[in-house]
Amino acid sequence: MTASRVRAAVIGASGFTGGETLRLLLNHPDVVEVAAAARSAGEPLESVHPHLLGSGLEFTTPDEVTARAGDFDVVFLCTPSGEAMRRADGLLAAGTRVVDLSADFRFADPERYARAYGREHTAREALAEAVYGVSEFHRKEIAGARLIANPGCYVITALLGVVPLYEDGIADPSSPLNLVGINGTSGAGNKPRAEVMHPNAFAALLPYSLQGHRHAHELEDRIGRGVVVDLSTAHGNFARGIHLQATVPVRADVRGELSREALLDLYRARYADEFFVRVNARPAHGGLTDKDYRRYPTLAGVTGSNFCHIGLDYDAHRGAVKVVAVTDNLVKGAAGSAVQNMNLMLGLDETAGLRAYGF
Amino acid sequence: MTASRVRAAVIGASGFTGGETLRLLLNHPDVVEVAAAARSAGEPLESVHPHLLGSGLEFTTPDEVTARAGDFDVVFLCTPSGEAMRRADGLLAAGTRVVDLSADFRFADPERYARAYGREHTAREALAEAVYGVSEFHRKEIAGARLIANPGCYVITALLGVVPLYEDGIADPSSPLNLVGINGTSGAGNKPRAEVMHPNAFAALLPYSLQGHRHAHELEDRIGRGVVVDLSTAHGNFARGIHLQATVPVRADVRGELSREALLDLYRARYADEFFVRVNARPAHGGLTDKDYRRYPTLAGVTGSNFCHIGLDYDAHRGAVKVVAVTDNLVKGAAGSAVQNMNLMLGLDETAGLRAYGF
Amino acid sequence: MTASRVRAAVIGASGFTGGETLRLLLNHPDVVEVAAAARSAGEPLESVHPHLLGSGLEFTTPDEVTARAGDFDVVFLCTPSGEAMRRADGLLAAGTRVVDLSADFRFADPERYARAYGREHTAREALAEAVYGVSEFHRKEIAGARLIANPGCYVITALLGVVPLYEDGIADPSSPLNLVGINGTSGAGNKPRAEVMHPNAFAALLPYSLQGHRHAHELEDRIGRGVVVDLSTAHGNFARGIHLQATVPVRADVRGELSREALLDLYRARYADEFFVRVNARPAHGGLTDKDYRRYPTLAGVTGSNFCHIGLDYDAHRGAVKVVAVTDNLVKGAAGSAVQNMNLMLGLDETAGLRAYGF
Amino acid sequence: MTASRVRAAVIGASGFTGGETLRLLLNHPDVVEVAAAARSAGEPLESVHPHLLGSGLEFTTPDEVTARAGDFDVVFLCTPSGEAMRRADGLLAAGTRVVDLSADFRFADPERYARAYGREHTAREALAEAVYGVSEFHRKEIAGARLIANPGCYVITALLGVVPLYEDGIADPSSPLNLVGINGTSGAGNKPRAEVMHPNAFAALLPYSLQGHRHAHELEDRIGRGVVVDLSTAHGNFARGIHLQATVPVRADVRGELSREALLDLYRARYADEFFVRVNARPAHGGLTDKDYRRYPTLAGVTGSNFCHIGLDYDAHRGAVKVVAVTDNLVKGAAGSAVQNMNLMLGLDETAGLRAYGF
């Protein structure tokens, strides 16, 4: 691969996913120009993103990016749901590639989108060519795409965590899949609101959307097989990361033979060639203990990184597989996947700018 | 009620539940003497419990408490599982009442205990008279008991949260009950270990026992009806409290008519006379929002208190009731329930020393 | 003391200090009526204070409290600075006692108030009779007062921490007193703002007012002796509590003879009769270690309580006394002191409703 | 610069600084081999460093690294103080370069080392050639060195924060420099201990070494000019980062003319060519507010990165400059500086592998 000189723009650059996309692009070895469009045009990036202090860049306007869209190899849309539908056609017409981090192009069927998001889909032509962007599952289609629907943060974490069980015939699709996702408070967005103020959120989880989260629709759409997804969501008292706990019903005929080791083998084989998906079979340094916390991965291991760590166990008494999948909601769950998809679209090394370990 | 002069002792006073029992007893209006027995005999309480600085009390030995057991109206056992079995007979013979905060007397059937805890039950006579201590459900038996089996922290939180749905015929007992419990790190005990060190646990959840937590057995025992309990447990990055998320399968014949309002009505009626159980139907100050965090309770509202706050919702699309129940694992989940049970046993006001709101 | 039946009102009841005053009053053994006035009149308390779920109380209007001010034994003003000046005369005229938790009556000299707060003092008559309310230092005057100026949270913590050194002639008043105060995010108020949103404040300190905090003026006023107070303030990533670190210059003639033990003796003697001020001379359970964290108190020991824990050390090489004083900013630093002052004013047991240990 | 193929080894690789050095080296573009030596030889890195899951590397023994020291371009010593003295001569003799992250080579004068660390210096020859490694201040000497004494975490943060004030004649060296450093709990090391367990450290600061921290000696040594350094240290309830608050006495003759703007100008000029040191003069997005948190940097902006952000203010009333300097204690305060020094020693781009922004 010859050295690349990628020019990228981010529209909606003042939110958390916008700021994270900028953070990754500014340290990407192949990216030579980054434009950041937001309402706060004219201000330096650090006016809303303290960690980007001293980058020397200022926000520009979305219109300026649109006007010279053809100058960019890729435009990232980090805008609220509904806005990408209005922008996609124009950007594609200008010849740039688009990665949409919102939900606008995630449902192939516009009726399903309407049901989940309560608004009609108004960009059906673009929708028809959009490719759903879990890089690990759709690598080839992504490489040839012009428009990527970047997956929801809970969704990509859950898909990486449970899909092998459905593919392999272990999961019973006729029983509900139970998911509880704990997302960092960055997932609540950066608009100030009382419930997410630090003193209120400091030592508590903030459950929300228990009547039915939109990502449950997206998951049912992607898992298929008629699986019902019971998803419960909450924000945890940490800034970043999704801790996803899945209880997967096991088909009656395989319950007897299943074991944690067999599950670990399955997943290690499934993800052997994936740089960003790693299975936790951590040996306990100093021996096992009663409460063996090292059997499972923790968010702390992926924070700031594009990795997904997966842990597995089997409750033989009840015939249920337990999956723990952890990602950084702003990286693998958003900006990191978006850049990974950009790398695929532009023919770069898929891991470029994304290899850093978390901590 | 005339003024009481209660003398109480705590054995196993150097752990977190022991320290919390001391904290509550030292501020109880009817308690005039508190003895604290632990291995660190001779040291002031603050040597292990900084918050009890200046109490003027020192730890004594378990043997000293046992030797003068008859002087105490009640002895709290905050000892590791297995030890209460060895102590109960002697204490009861000396004429004191016993509240056991460990698991030793939680299973009426000693075989079930053996299955869950991997050791034989060696105090079957005492077991025969032990009363299971969810004050709200067993008030009358507790008042007449000499030996209380204080319930597990996940268990009492879950029982208060889901039992009305089984009693009322809403829950379908033939489908698994799915519970995810996030407990504070105090639930991991105060023995130093690497995984629970602050830098490692700061921004992560620590899942554990996914192969089958002991409290799942206790829950299946108490809920009965043949219900299978899928319980997943983790420690969250907060010191105290249990955030319990339940997904309760609904009987097919009632799915159509169910609503969040109907659930709120059911629970408010069920707990109308209970001081410590409160149903969250919080109006949103300033109007509803997309993500209505105020629909559900948060741990921050019960920390340090003996309250259980319950929130409810209904996913009509999938026929599942969602319950959020929050308690302080060290209070309602342990020491607070223990003192509430003491109040009942000694004929005191059930809420004495326990009415403080959390924060 | 005969049983009392105290009626109390809180104006400005929807903020953090208002909510905390309500929490304490609702659990006070002598208080039989509590009125809570705020803009959100008509809503239940839990609409803004989740921890008060199920109290059965609703907010009323400030005007309603004012109109029947004579019915209350005491009115707490938890209003923004400037508002108490407008309300004090009317309330006093109606015959009620007033505890002002704002800064309006903290400076005896109205010119100093004007300098620190940038507005003229408009209630000079009331100011003339206001008593500054550090209960431990002004017990007698408080008992006879009608209007209490409750001290600032940093100020009371610092005064309890350093005044003995000035009284005893150890501190050198001609050199600056250096204070760094880390306050919980509740100290930033409950108005939503981006910098205090959980994802932004989660793992950081938020310094502020380094050009000169108003409490430095209040401290210079109370310490007197011409002492210059260098105060630096920040919010820490915890909800409650002030951790105050003082470096106190020592007079040249006493540097040689000073020691940590001598300092501990001085403070233990000074506060021997004070229930709420406790000196940390904690023995290390299991022996001393290199980094002896138990030499000093921690916030975790006073959270939720009215206690002030004080720790001391001496850097003999540099001739500086180090003081660590910790309080809960909402309790000892605000509502707890306010209720303690109420107890004194009404002739109740000074510790009534306030004896609970923290955790 | 031609592509480099650096081989590096880390001795003491199981601690926090060792793990961080590995994290940076594994993502360094010029590093082709990394050896990690620790007591847990034979185990994969993830047995103690969960974030390095799937690296494919195992720990080796310190002896193995020593035996083939000549194969490595550089060896990082992340060992407890005292051990580097025993290893340095052998490693240098084998022809490798050494970066010592402990304190062993930080004092040019072995007597000062003995005073601060309570042990004699036993590698005086190596000490004579050691270069103190604040890259920004000693770039040229580092480039020619074989042995680097990597500075203490509080020290480098403080030096970057205050040295310009001494160089420029603003600071008064005859008055004490007051520093309060709040370090993440990772600074306490990864050996389990009760005080640093999550439930105890969750909502508190843990002050320590107030009788005189060793880094105060190192600072007095580096600042020189006879300056007395009053350093108070504590661990904050976050995993990583140093928040340093300095109160710098100003020379009487410059007090009148000083201003925040002048200070910002001085620092921006001083650090204009430094990639890793950035001065916070952040404009407030949406206008200034009473408590202007954006005037100063926050830890959250540098976590995980090699940056030092500096903020400044002037308390004109009291003639004191306030400096806030923030770094990640494990990166700029340890492993990041170590790699930056390696880059200089090996003639690589100084910023290679270190350019990532924090978050």
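Every chain is named by a letter (A, B, C and D) in the order it is written, and numbering of its residues begins at 1.
Here is the rule we go by: a contact is a pair of C-beta atoms (placed from the backbone, for glycine too) under 8 Å apart; a residue touches a chain by one contact, two chains touch by 3 or more.
These figures come from a predicted structure and were not determined experimentally.
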Equivalent of B-C within the choices A-B, A-D or B-D, defined by over half of its residue contact pairs recurring: A-D
Chain pair showing more contacts of the two, A-C and C-D: C-D
Remotest chain, chain D as reference, centres from CA atoms: B
Approximate Å spacing (C-alpha centroids) for the pair chain C, chain D: 37
Rounded Å distance between chain A and chain C, as computed from the means of their C-alpha atoms: 45
Residue numbers of chain D (touch at least two other chains): 188, 193-194, 196, 200-203, 237-240, 285, 294, 298, 300-301, 303
In the complex with chain A, residue positions of chain B that touch it: 176, 178, 180, 182, 188, 193-196, 200-212, 216, 228-230, 232, 234, 236-241, 243, 245, 247, 249, 260, 285, 289, 291-296, 298-301, 303, 311, 313-318, 320, 322, 324
In the complex with chain C, residue positions of chain B that touch it: 20, 23, 26-27, 29, 40, 43-44, 46-48, 50-55, 202-203, 239-240, 278-280, 282-285, 294, 297-298, 300-302, 304-305, 307, 309, 330, 355-359
Contact set on chain A toward chain C in their complex: 16, 184-186, 188, 190, 192-194, 196-203, 237-240
